[in-house]
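As structure tokens, here come the structures.
Below, subunit A partners subunit B and then partners subunit C, in two separate complexes.
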Partner chain A sequence: MFKGILKEQTIQVGIGFVFIVVLLGTFILPEWMSNNFMYGLSRGLAVLGLMILWRTNLVSFGHALYYGFGAYAVAMAQKYLGVTDVFLRIIIAIAAAGLLGFVLGFILRRYREIFFAMLSLAFSMVLYGLLAKAEFLGSTDGMSISPSTMFGFELGRFGLFYFIGFVVILSLIFAHAYLRSSLGHLTTAIMDNEIRVEYLGYSVEKAIHIKYVISACLAGGAGGLMAAALGQVDPDSMVLWSVSGELVFVTIMAGLGNILAPFVGAIFFEFIRTYAYEFAPQAWQMIIGGTLLAIIFFLPGGLWSLFQKINPFKKEKK
Partner chain B sequence: MQFLITVLLDGLIYASYLFIVSLGLTITFGVMKILNVAHGGFFAWGAYLASISIIYLGDNEYNSFLYYFAIFLSAIIVGLFFGYIIERFILRKMYNEDIHLIVLATFGLFWILEDLILHVFGVDPLMPYYPAMELGGIELGGIFQGVYSLTLAGLAIIVAFICWYFLKKTKYGKVLQSVIFDREVSVSMGINVTKVYLITFIIGGMLGALGGAYIAPTISVSPGFAIDVVVMSFAVVVIGGMGSVPGALIGSLIVGLVRAFAVHQAPILELFIIYAIMAIVLIIKPEGLFAPPKPRKI
Partner chain C sequence: MAIKEILKTSNLQKSFSGIIAAEDINISVKEGEIIGIIGANGAGKTVFVNMITGYLKPTSGTIEFNGSDITGIKPREATHIGVCRSFQVSQVFMSMTVKQNLMIAMSLAKKSGSQLLNPIDDENLSKECDKILKQYNIIKQKDLIVSTLSQGMRKLLDIAMAVVGEPKILLLDEPTSGVSVEEKFGIMDIVISALKKSGTTVLFVEHDMEIVERYVDRVMAFYQGQIICDAPPKQALKDKKVIQYVLG
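Presenting the complex of A and B:
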């Protein structure tokens, strides 16, 4: 599955991109700007998960469920088990979200189109309803997360940034390996015609289920990283339906063309939000909404289609 | 007993208000197959416009009859103005797009409408309590209840009746049903579907705005208060069946009563239980409890 994957251009460009972002963020840029890079990389994981789902034309309007679940898993592990190690944190976040995705996947894999979107929305709001009202889970104030450690030493901001870059590279490799495998190709075929795929002897539901769990793991990982980066988890900014909407928005803004696109898109989104908030605190939602409409109308391929037009690495078609 | 009455009253009032809002959403979905997130924007705009008119009227001690006039007028203005702009210039260009993209576009519009409110009406909460104060309250089985809230139930019944009469008894209602049933055949029969879409969207928007405008005197209208209503009316519409008018009625009754019960018995479950019902309905009967039967197409 992973054979020769490092020689693929997408992965090479991806690793280069992450290195540049991490170096820029840790050495060159001021802190507020590098925060955007850090959050963008983390949330990009969730967007990557959505993009993988979208390739089968399944759009989840409740992916904040896994995003928030991963983040709260980190918070819980710290509260009850005292876990602050960054490796353990990310593993717990991914495992928790993956397990939830596996269970819910049995139900969701039967749904398509708007019903899929609505059912995922319902599930995410169920979690929101619990988190927002439960006192022992911090209700709407959420919970704070102590700084991450690695092997007993405090990681610091730079260390966390490197770690996020490392996780992102691993996910890129994994996502690419998945998408180029026959299972990954199958899901595009499912979008075209499910019945034909069934005739070929594959199980459509199983393929979608696997895809769904992968997507949930990625979103959970993003939540875990964000929890560590922000030092805070709360339901309104992690589980509410508008967060899911934001993630879907970033997916469409980034474009579905390439596994790097989600990270570019997520970083871009963080910058729009920061700048819009900085210069027009009462109009930032308007700016974001306007951007969304502009992208849908004028740039249907997303930001990535801009890169494709000027791509210096573009190979001639054989 | 007292507890039961409280829950029933609270639930019915909340259900009436949810019904008016969700009716707009379900009509829009039934006819246009659009899940309109911007419905929350209509709701908020209706509430704000009604609030400032009521506050203006109340401060200058006009006839209290004018309050209700202002409420309905706000709803009509908001529905006409934003409904026309949004349908004519944005949604109309998108009908051939993927359904998810349309939802996203309305999501973007929701953001824009939310922020426009901050610019037009400012960030301070408004409290247009005059109509509710004037009507006072009565004792019902030992429970003190504001009369204004009770009129909400009356309004819901009137709206439901008008809607039923309109759909079943008038020519336009029949045209609407044929468009819901099959868009292309309706076009070939000479129905101006573009116009039907526009009018439907405007009416849907008006209903959303009416819900907001009528509830405004009982709450404090502040920025961002529509965000819960959107997803709550989504739950209602999904439970009842997307595009079904009786479904919206039953859905809002279920949500209203269950919520009222949870608020009084187990506040921790208030939101959880509503969305759990939504999820369970989707799992057991994805089309919703009262979805109109789907035509089989070849």
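Presenting the complex of A and C:
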């Protein structure tokens, strides 16, 4: 599955990109900018998950379900099991979201288009409702997350940033390996013609289910990382429909052209939001909406299409 | 040695909200036969093909393949046991290149389980793919996006994709429909010679009687959901009922 993957241009560029972001964030940039990079990388994982689904024409309006579930899994593991180790935290976040995705996948794999999108939203709102009412999980106030550790030592902000970079690189490698595989190529094939895929002997529902679980794992991982980075989880900032909306927003803004696009888009989004809030605290959503409109009108392929026009990697789509 | 019976249907019937689309279809097909299915539009030809390949579930009756009951199986299960098909309107992946289409088909036919996680562009598979593209005379178009191809090229690709699974029986639904007069005999020559070489049993739906006369061993003529004639082509095309209801 991973044979020769490190020699592939997409992965080499991806690793270089993450290195630059992490180095900038830890050594050069001020803390507020560094935070934007860190949150952008973390959130980019969830966007990568959405992008993988989107390549089959499946748009989830409720991916905050897995993002929030991963984040709350980290909070609960800390509260009930005392887990603060960052490796365990990310494994728990991914596993919890993956398991939930596996269960719900049996329902969602039968739906397409708006029904898939709205059913995803419905499930995320069910979780939101449960979390907002569950006092043992902090209700609407949420729960705080203690600093992450690694092998018993506190990781610190820089250490966590390196760890996030490491997880992002692993995710890029996994996502690329999946998309270049026969199973991954079914992504586009299913979008083109489900009947033919069935007559080639493969279950479309099974292919979608696998893709859905991968997507859930990535979103759960993103939630786990964000929980560790923010030190706080609550239903409004992790599971509410507007969080799902932001993820869809970033996916459109980033474009589907490359697995690196979600991370570029997510970082870009963090900066737009910061500056929009700074310049127009009462109307920052209008600036964000305007940005999305500009991208849809002038860069329908997303930000990545701009890179494709000006950089030498434009031929590769993985 | 007697030639083995590969496909048999008994009292096969399909109705849609009370309207009968196929009725009392009893056929027996021997291994290696090439059969032409003819009939006017709405005669039940495609419904018959759809029932055999699992796209439609019969209302009643049974389908036996190699002695096993396969009535109502799913399309992918039909493919797994060796019952494959092509379509009246080519079912290919329009946004991909010709070679990518065939590579996906070959990959699914030859790999299973965790092998499906290996990169699709395996060197051996790629060579094998080029060989098939050459055999079906679409090698020059291998890097073209399918939506830019002519109907004839798409038909060939559609059939090639069905064939890579090494079917025991192949059902072709109007392989020359929408294809220019110049292209159709060329396509059928390529397809039939390739399928004869592999000993595949073929049933194809066709409106063009020149094609039927030239390539088939047997003709099944449909009218109002029933088979009105099942005979060698020369005999079938002279049959009174066939002349009246099919050839008009």
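One rule holds in what follows: the second predicted complex is superposed on the first by the 311 of 318 C-alpha atoms of A that agree within 3 Å, B and C clash if a C-alpha of one lies under 4 Å from a C-alpha of the other, contacts with A are read in each partner's own complex, and residues count from 1 in each chain.
Throughout what follows, a contact is a pair of C-beta atoms (placed from the backbone, for glycine too) under 8 Å apart; a residue touches a chain by one contact, two chains touch by 3 or more.
All of these numbers come straight from a predicted model, not from anything done at the bench.
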Review point. Touch check for A:177: first (subunit B), second (subunit C), both, or neither?
Key: second
Review point. Touching A:293 in the superposition: subunit B (first), subunit C (second), both, neither?
Key: first
Review point. Where does A:81 make contact in the superposed view: on subunit B (first), on subunit C (second), on both, or on neither?
Key: neither
Point to revise | Which superposed partner A:20 touches (first subunit B, second subunit C, both, neither) | key: neither
Practice item. Quick one: classify A:201 as touching subunit B (first), subunit C (second), both or neither. Key: second
Review point. Thinking of the overlay built on chain A, is A:193 touched by subunit B (first), by subunit C (second), by both, or by neither?
Key: second
Check your understanding: Touch check for A:6: first (subunit B), second (subunit C), both, or neither?
Key -> neither
Check your understanding: Which partner, subunit B or subunit C, touches the larger number of subunit A residues?
Key -> B
Revision key, fill the gap. Counting only contacts in the complex, subunit A reaches subunit C at residues 1, 3-4, 177-178, 180-186, 188-189, 191-193, 195-196, 198-203
Practice item. Write out the stretch or stretches of subunit C touching subunit A in their complex. Key: 53, 74-76, 78-80, 84-85, 87, 91-96, 100, 103-105, 107-109, 111, 114-121, 161-162, 165
Practice item. State the interface residues of subunit B toward subunit A in the complex, per the touch definition above. Key: 35, 37, 90, 93-94, 97-101, 103-105, 107-112, 114-116, 118-119, 123, 227, 230-231, 234-235, 238, 242, 267-276, 278-279, 282-283, 286
Practice item. Enumerate the contact residues on subunit A facing subunit B in the complex. Key: 57, 59, 61, 107, 111, 113-115, 117-119, 121-123, 125-126, 128-130, 132-135, 240-242, 245, 248-249, 252, 282-286, 288-293, 296-297
